[in-house]
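Both complexes shown next keep subunit A, but they swap its partner, so subunit B is in the first and subunit C is in the second.
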Partner chain A sequence: MLKRSAAMAAKDLRLSISGGQGLVQAVLLGLLLIFLFSLSKPLGGVITPQAAGAIFWLASAFGLVLVFNDLFAIEEANGARVGILSSPAPVHAVWVGKGLAGLCLLLVSQLVFLPATAAFLGQNVYGPWWLLLATLIGADIGLVVIGALLGALSQGQAARESLLSVIVFPLLLPVLLAGITLFAMCFSPEPMGEPDSWLGLILAFDALFAGAGLFLFPFVYSGEE
Partner chain B sequence: MMVKILAAAAAVALLAHQYMIWFYAPVAQSGPVQKIFYMHLPCSWWALASFFVVFVSSLLYLFRRDPAYDRAAGAAAELGVLFATLSLITGSVWARAEWGHWWVWDPKLTTSLIMWYVYAGYLVLRSTPMGRERKALVCAVLGIVAFLDVPLVFFAAKLWGSAHPDGVARESSGMAPRMWHTIFTGLAAFGLVWGAMLLTRVRQLATLARLEAMLVWDEEA
Partner chain C sequence: MVPSGGEALLSVRRAAKFYGGKLVFKDVSCEVRPGEILLVAGPNGAGKSTLMRMMAGLSRPSAGEVILRAEPERTAYLGHATFIYPGMTALANLGFWGTMYGLSPSRDELVTLLTRVGLERAAEEKAGSFSRGMAQRLNLARVYMVRPTLLFLDEPGTGLDPRSLALLRREITGFRDHGTGVVWISHHVDKDTALADTVLALGGRRVEYFGPAREYAPEAEAC
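On to the complex of A and B.
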């Protein structure tokens, strides 16, 4: 199954990079958000590490919606979804493949957001890099697990971006709060608080929704219109 | 008939509840404004009960594929959002009078607000144009995911910072027995209102489904 998931992810990545608009839109919108929020900085003042963390994760959440809309829209043309469903690949391979592709695209867009946060919002990484990376990967897994499950909800809908945002954003709150707090710890020059509970929360979120996704994805990804 | 009995019982219980609020329960230290609590608490509890009904109905729909469960989930979500809205409004008014702020960061408040957002989104999904079976399926999936999220949202909000009078809403220590009686009467009265509304809405949705099926048949004929 993993081989088929990898094939699915590779196909999605190739299509996204060659012709898809999801990644470009995600990067542009995220950059724009970070720049626009930098306008809230008073002249000569600073943006607090927590506000910077919140802006970064807000940009990532919008990026997630655009990336997964694009990943699921790819198969809307020419009945490709029905083709995948009738292939011998188990439907879970589609979920894992979409998740992997989404994770790669989200990480690429965050590679742009992170320097933008440093430049526009005046942040430095004072905390340990391992914490920043662990938060980034852990929280991203939580985001893509939900994105890969619910991205299929709005397939065939005209206003899919807005529909998906309205549904996904409140669900993501635990993982976004954890990401914001841990990033604030990394950006802050003050001594760090305890990150363990927040990392545990991210792990619990990832595990719970990975399980739920495995069980529920076959119901949402179907041939029905 | 069942709805009529429930509605009549609800009317009597609501009157009794109002009597108890104003004439039976003692005035709390914070003054008469605390009486909002007697309506705030039942709204929150029955909102939570509605969301639990959405979860259970959604699970049952996935396993049995009976449209009745989908209708029950839809009706419960509508009632849940209604009761959660009332709970948020009454809570906000009470907080303003009691603490001087319309909104404070408290795990319970935050969880209620996030649940309101999630289930309002669920209702938006229910009203989007989609095939009937597909819509029922995706709504069932969202109904399950939404309820699974609740404990995590509560825990996250608690970690985020609970520098607020967490015990105030519970008031377990300083409550006179008459206050408890009023609370339980309120829970029962609102429960009857909730039951009558849920049953009515489920029946309305069943009638709607029957009419839609007849219309489709007519068009085909």
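On to the complex of A and C.
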């Protein structure tokens, strides 16, 4: 299964990057959001670390929707989803492959958002870098687990952008809240409490929705009632 | 030529399909044996594609059962959708589908397959630039790669010019002659009945005819 997942991820990355849609759109929208929020900063004032964390994760969440819309649209062009379903490849290979591709694209867009957050929102990383990295990867896994599951749900729907946004954002609240708080700890020069419980929340979220995805994805992707 | 016969590759027993509360068809029973072409006929909306999706394991029957005895690795589906990724080359497309079928074809093997369908010169071209006929030939190369024992054809001739259509018919009978069981939904029932061994005609939410192709007299219907 891993070989098929890797082939799926490699194909998606190649098409998404060469197509210049999902990733480019996600980066541009995220940068625009960060820049627009930077305009709310009063002259000579500062944006709090909590607000900066919220803006970063808001940009990431919007990017997630664009990335997964694009990844699942790849199979819609010539009915390739039926080809995959009729092949002996396990459907979970699609979920893992799309998730891996989505994780790579989300991380690439965040590599742009992070310096933009520092530049436009006047933030520095005071906290430990390991915490920043652990938060980024842990929360991103939660985001892509949900994105890969619900991206499949919205495929073929005319209103997929709105459908995906409406369903995804409420589900993402716990992991976004943890990401925002942990990023605030990293951006703040003052100690803001212990990160353990928030990291635990991210781990629990990842585990819960990975389990749900494993169970639900075959039904969602095949469209079978 | 491999004679038809042997254990059925596919058995459908009293299958029914509902969408919500709406009946699509009921009491459908048939079998497909190696080296046999089953032509599925019927007017638009009779449930031909729904039945094929059920036979191919893409959808569950609401009642009855579908028994697939062919190995999943040797079962192929060729529809009017070409399954190609326009942003990838013909070689990359074929390589990807090879991996999905658990195969690891070398570049030379892929080129040989493309040569067989007359696409060797377009091997490195992006499939998005292909005509409908070329795209369907690339799709056919995918089927050759699988060397299917059971082949599902869902109106694969849609949009093809007469020359490509003739080539496709020749390939379909070629598969049958090599022992592949074929389930075929065709737009051209009048012509294609002559190539089939058995016909299953759907209409009025039930089976109107199931029997030898030579005894089937299609009504004037738009399939």
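Following the convention adopted for this analysis, the second predicted complex is superposed on the first by the 220 of 225 C-alpha atoms of A that agree within 3 Å, B and C clash if a C-alpha of one lies under 4 Å from a C-alpha of the other, contacts with A are read in each partner's own complex, and residues count from 1 in each chain.
The rule is simple: a contact is a pair of C-beta atoms (placed from the backbone, for glycine too) under 8 Å apart; a residue touches a chain by one contact, two chains touch by 3 or more.
A quick note: this is a predicted structure, and the numbers were derived from the prediction, not measured.
Peer 1: Given the touch rule stated above, what does A:R4 touch, subunit B (first), subunit C (second), both, or neither?
Peer 2: After superposing on A, A:R4 lies in contact with subunit C but is clear of subunit B.
Peer 1: Which partner chains sit in contact with A:L32 here, subunit B, subunit C, both or neither? Use first/second/both/neither.
Peer 2: A:L32 contacts neither subunit B nor subunit C.
Peer 1: Report for A:L111: first if it touches subunit B alone, second if subunit C alone, otherwise both or neither.
Peer 2: neither
Peer 1: Counting only touches as set out at the top, which of subunit B and subunit C does A:S86 meet: first, second, both, neither?
Peer 2: second
Peer 1: Would you sort A:N78 into first (subunit B), second (subunit C), both or neither based on which partner it touches?
Peer 2: It touches subunit C, and subunit B stays clear.
Peer 1: Of subunit B and subunit C, which one touches more of subunit A's residues?
Peer 2: B
Peer 1: Answer with first, second, both or neither: which of subunit B and subunit C does A:A119 touch in the superposed model?
Peer 2: neither
Peer 1: Identify the partner contact of A:S222: answer first if only subunit B is touched, second if only subunit C is, both if each is, neither if none is.
Peer 2: Both partners.
Peer 1: Examine A:F205 and indicate which partner it touches, taking first as subunit B and second as subunit C; both and neither are also allowed.
Peer 2: Touch partner of A:F205: subunit B, not subunit C.
Peer 1: Determine where on subunit A the residues touched by subunit B overlap those touched by subunit C, and list them.
Peer 2: The answer is residues 222, 224 of subunit A.
Peer 1: Please give the residue numbers of subunit C that touch subunit A in the complex, ascending.
Peer 2: Interface residues on subunit C, with respect to subunit A: 56-60, 71-73, 75-77, 79, 81-88, 92, 96-97, 99-102, 135, 142, 152.
Peer 1: What residues of subunit A sit close enough to touch subunit C in their complex?
Peer 2: These residues of subunit A touch subunit C: 3-4, 7, 11, 14-15, 18-19, 74, 77-80, 82-89, 222, 224.
Peer 1: For subunit A, which residues count as touching subunit B in their complex?
Peer 2: It is residues 146, 149-150, 153, 156-157, 163, 166-167, 169-171, 173-174, 177-178, 181, 197-198, 201, 204-205, 208-209, 212, 216, 219-220, 222, 224-225 of subunit A that touch subunit B.
Peer 1: Mind pulling up the subunit B residues that touch subunit A in the complex?
Peer 2: These residues of subunit B touch subunit A: 62, 114, 117-118, 120-122, 124-125, 128, 130-131, 133-134, 137-138, 140-142, 144-146, 148-149, 152-153, 155-157, 159-160.
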